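Chain nomenclature is as follows: A, B and C, assigned in order of appearance, with residue numbering initiated at 1 for each chain independently.
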Amino acid sequence: MATKMPARERRTPIQDSSDGVSRRRFIEAAGAIGAAAALSPFIMPRRASAAAKTLKILQWNHFVPGYDKWFDGTYVKEWGAKNDTEVIVDHVGIPALATRAAAEVSAQQGHDLFMFLSPPPAYEEQVIDHREIYDECIRKHGKPVDLAVRSTFNPKTKKYFAFSDSYVPDPVNYRKDLWDDVGMTPSTWDDIRVGGRKIKEKHNIPVGVGLSAELDTAMAVRALLFSFGGSEQDEQGNIVLNSKNTLEAVKFARALYQEAMTPQVMAWDASSNNRAMLAGQVSLALNAISITREGENKNIPGTDNIWLAKAAAGPVRRIGLEHVMDCYVIWKFAANIEGAKKFLIDYIDNFHTGFMASEFYNFPCFAATVPDLQQQIAKDSKARPADKYKVLGDVLDWATNVGYPGYANAAIDEIFNTWVINTMFAKAASGADTPENAIKEAEAQCKRIVQKWRAKGLV
Amino acid sequence: MATVETRALRKRFDGVAAVDGIDLPVREGEFLVLLGPSGCGKTTLLRMIAGLETPSSGDVLIDGRVVTPLPPRERNMAMVFQSYALYPHLTVADNIAFPLKAHGMRGAEAAERVQRAAAMFSIERLLKRKPRQLSGGERQRVALARAVVREPVVFLLDEPLSNLDAQLRSAARDELQQFQRRLGTTTIYVTHDQIEAMGLGDRIAVLDHGRIHHLGTPREIYADPADTFVATFIGSPPMNLVETDDIITGFRPEQFMPIEALPADEPVRRFTLDVGRVEYLGADRLVYGTLAPPLPPSRVIARLPAGPELPVSTGERHEFAVRERDLRHFDRASGRRVN
Amino acid sequence: MRAPAARHGPTLLDDERWLGRLLLAPAILYIVLLVGFPFAIGLYYSVSDATVGTRTLHFVGLDNFRLALENATFWQSLRNAVVFTLVSQAFVVVLGKILAMALYRDFRGKWLVRFLILLPWVAPISLGSIGWLWIFDPVYSIINWMARGLGLLAPNAWPIWLGQPDLAMASVIMVNVWRLLPLATVIILGGLCSIPQDIHDAAAMDGAGFWRHLFLINIPLVMPIMLVALLFGIVFTFTDMIVIYVLTRGGPYDTTQVIASLAFFTGIQGGDLAGGAAIALFLFPVLVAVAILFLTLARRAEVT
C-alpha cells in the first residue's frame, strides 16, 4: 500500500583507520560539541516527503562497512516501506557520540533512536523505560543474554535505560607462529607472561596489552582485574577495589609490563594495537575481531598467523569483556517513540541478517535469533583457517559487562571514561607508584565518583 | 676632527640611482650642508657616509682611509636624526650614556661625560625624564647631547630642526652653529631648507637627482649658481630666467628694478615689463610681470623696497633694468653657466 | 540635550550616541551569547548536581568544588597545566622573537617563508595534531626512523614519545609550540615593525653590537607587545585541550592530564556535567589573575 521510498542517509565523512571501536577517534571533541549543538536545530524539522511518519536514527560508522551498506541501503528501506515511514540514518564518528548525545539532551530534540557503544546510565532520566521492548523480544525469542541486562538495567530504579541488540566479543589475538615457536598457547595470563617474555627475548617482539588512556586498555585491564578476582564494585554496587585480588592483578600487570612489554603500550590510542599487530610488532593483543577482519579485507600479509583465543584465565576465573556494547536509547523527547520501539523489535526479528552483514562482529543479545551461530563461525569464507572464529562460540561463558559483577551504572561509567582503572594499572606497571598506592588512589577516586552519583539518586 | 671624502659614490635602489656618482670632499672642521629637494639623494648620501647604507659602488674615506666596508660603530661618527630617535624606554641620562656604554665606558667617567654633555645643552634638569615627557626642543637637545657625548670625529645631522616650530628653529640654528664652532668637529648637515643651509653652512652642496650641482660657499651659490637648477632652487623668489636664442639670462629679483632707480652712468640691460600684480610684504614689494615684446613673454619677479618712492602699479607697462654685472648667463641646452 | 521630536527613524543613524550603540551591539551580543552565557551556565552547573542526563537541577553548594579539590588527579592536572603552559610559552616567546627578527629582514622568497611559518596557524589544529600523532607513533615514528637513519639512536634505543611521561610532556609541549608559534611571531613581528627604523640606526651609530642592540633596545621596545602575545598564549594554552586530547588523552597515567582535558573527561565523557564545570571554573581565577598581571605590566612597559 505504501509507495517505496528511499531511506536517506547522511554520513560524517571521517576516514576509517582501523580498530572497531577506536577508529575515527581523532575528531576535535570541542568542535564536535559545537557542531552538534549548532546543527541539531537544523537537522530536526525535516519534512517527510511522502511517508506519513519519520524515524530518525543516529549510530556510529560501523567498523564493517558492509554492515552500514546493508543497514542503510537495504534494511531500513524495506522496513520503512512496510511501516509507511521515512527512515533517516545519521552516522557519526565514535568520539562525537558522547558530545552529540549531550547536545541532543540539552536541546531536547534530536533522533528517535540514538545508539551508544557503551552503556549510557547517566542519561536514565532522559530516556523512556525500554522494558516493553525487552518484554516483547523475550516473548518472541526467549531471554536475552545476562550481559545485555547488566548493561542496560538499573536495579535501583528498576528501569531499563537502554536496549541492547548486540555485543562485540573481545578475544585474545595472538601470533600463532611466534607462540608455536616458543611452544606455548596464550590460554592463561600466566602463559601470556611467560610466553610473552620468551618471545620478546627470542624475537624482540613484545606483548601488546594496552596501558594507556583509551578504550581497548580499559577493557583489557578489566579482563585482567576480574580474572584475578578483583573488581571495582560488588554485586550491590559497593566499591571494593582495594582488595588482595586487585593487588595481585596489579602486581601481575607490573611483572607483565616489565618482562614482556615496552613503553609503547603507554602511548597507545585505541587503534594502536591493530596497527602494531598487523605490522608484526607485537605478539599478542586484546581486541575485537577487527584486527583479523582488517587484515583479511586488505590482504595484509601475516594475517593468517594472527589467531584468536578465548579470554585468558586468571587465578580465579576465565573472564573477558565485551569489546563494544550496542545500546539503543529512545529519548523521552523523541518525536516518534512508537516507531522507534517497533523498529527495535523488528530489528531483533531480523537479527540473523544483521549478524551476517556485520561479518560476525555483532553477536546477538537474543541468542535464539541466530540459532546457527556455531556453524556459521566455524566456516568463515575469508578466514584462514576457515574456523578461526570458532573460538568465539562459547563467548558467553567468558564475556562479561563493564561493572562486573554488578551492573553498569553511572558511577561505573564515569570511572570507565575518566580512565581511573587504566591509570591505576599504568602507574603501578611503569613503577611510577607502588601497586598499593596506585590502588589506594584509584579506590579513593572510585568512592568519590560513586558518592557523587549516589547523591544524584541514580546509583 | 677629520676629513671626509666620497669617491664616485653610487647607490641604486631597484635599478634607480638615488646617489649617482658623487665626489664630495669635506674639509676638516668644516660645516658642510647637503641641500636639495626631497628625493634628491642627500639623506642616502649621508647614510652611506654613516655606514647605515652600503654603497652600490664607490668609496667613503675618513682622514684619507677607506671605511666603506666598516660598520657604523667603527667609523666614530655620531648622527642626529630628524625624529631624534631617542630610545623611548630609557631616561634622558641613559639615552645620553648609551653610546658610552656601547663602547664599554661605565662608572664615574661615563657619568661625568653625561653631565658635561647635558650641561652643554642646558638639559641637566631633564636627566631623569623619559623622552615622551619632553618637548620637541628638549628632545632635540637630548639628541645633540647624545651625539656629542662620545666626542666623535664627525657629526652627521639629518634635518635635525625640521620638527621644531618656526620660532624655536632660528634659536636652535644659532645654538647649533655656536656649538659646532666651539667643538670644531667636522659636520655634515642635511636639509631641504635653504635658509638653514645659507645660515649654517661653511659650504653648501646642492643636490638633485643624485648628483651635486654646485659645491660652494653660500655666497658663491647664491651669486654665481653653477646651473639653472641651482639658480632657481636657491633664493626666494628664485632667480628670473629669460630665454633668448641659445642663452638663458638670469638675474635676481632684488637686482631687477625700475630704470629710474639705477644710476644713469652704469651699463644696464633694459627690459619692458607688463606689471601683472604687486604684492606688499611689509619691508618689500614683489612685482610680478611679463616681459613685453620683442622678448619672449617670460614671467619675472622684481623685489623692491616697500617705500613710496619708485611707484609701480598693476596693469601699467614699466621700464625695468638690471646692471650688466648682475646678469648671469647659462647655456640653453645644458643649463650650465657660461662666462 | 534632547534631540528634537522630529528626529526619528531615519535620523537615528545620524545620532552619534545611537550610532555608537548600534555599532557596538554585535560585539556585545557576541560576548553575551558566546562568552557570557556559557560562563553563566558553567557557574550555574558548578553549584548544581547537573549531569549530561538531567534537566532539573538541585543546588548543592560548593560540593563539586570540594570534590574536585579532594581529587588527586585534579591537583596533578593543575600542576601539569602550569608546566605545559609555562614551558611551551617560554619556547614560543623566544622562538617567536627569533623568527620575527628573521622575517623582519628583507630577503628573496620572504613571502614564501612567511607563508610557511603561518601555515600551522591556518591548518585546523585537529588535522595538524593527527599529523603529529603519526610523527610520534610508537611503531612508525618518523623522528625515530630518521634519528636511526642518521645514526643518532643507540641500537636498542627507541624512544616512545607519547608513552614515557617526560617525553610525552615534551611532545605535547612541542606540538603546542608548533601551533602557537605563528601567532606569536606575527604579533612580535608587528611590534618590531612599529619600532621606527631611526631607532635601530641610532643604536647602530651609537655603537651597539648585535647583543646589546637586542637586549637594550630591541627587546625592551617590543616588550609590551610580547607580553600581549604571551598573555594570548597562556590563555590559549591553559584553556585548551585539543592537543592533549588528540595526542595522549592525559596519559601516560595522567602525566599530561590538564585542567581542561580533565573537565572534558569528567563532564562530557564521564557524564558529570557539574563536576566538569567545577573543574573548568578553576581556570577562571587563574586566567583573570594572569590577564590583570600582564595588562598591568604591558601598560607599565608601554612607551611612546
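Just so we're on the same page, a residue touches a chain if its C-beta (ideal position, glycine included) is under 8 Å from a C-beta of that chain, and two chains touch if they have at least 3 such contacts.
The chain list, named the UniProt way, goes like this: B = ATP-binding cassette domain-containing protein; C = ABC transporter permease subunit.
This one's a predicted model, so the numbers in the text were calculated from it and none came from an experiment.
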item: Contact distance in steps, from chain A to chain C; value: 1
item: Of all other chains, the one whose Cα centre sits farthest from chain B; value: A
item: Leader among chain pairs (count of C-beta contacts); value: A-C
item: Per-chain CA centroid nearest to the all-protein CA mean; value: C
item: Centre-to-centre distance between chain C and chain A (centres being mean Cα positions), rounded to whole Å; value: 35
item: Chain centre separation (chain B, chain C; CA means) in Å; value: 54
item: Rounded Å distance, chain A centre to chain B centre (Cα mean); value: 87
item: Numbers and ranges of chain B residues touching at least 2 other chains; value: none
item: Parts of chain A lying in touch with chain C, wherever the complex brings them together; value: 26-31, 33, 98-99, 101-102, 105, 108, 120-126, 211-214, 262-269, 272, 275-276, 279, 281, 410, 413-414, 417-419, 422-423, 426-427, 430, 432, 441, 444-445, 448-449, 451-453, 455-456, 458
item: In the complex with chain B, residue positions of chain C that touch it; value: 196, 198-199, 201-209, 212, 216-217, 220-221, 223, 301, 303-304
item: In the complex with chain A, residue positions of chain C that touch it; value: 49, 51-55, 60, 63, 67, 70-73, 124-126, 129-130, 133, 136-140, 158, 160-165, 168, 241-242, 245-246, 248-255, 262, 264-266, 268-273, 275
item: Chain C-facing residues of chain B, complex; value: 47, 50-52, 71-73, 77-79, 81-89, 98-99, 101-103, 130-132, 146, 150, 156
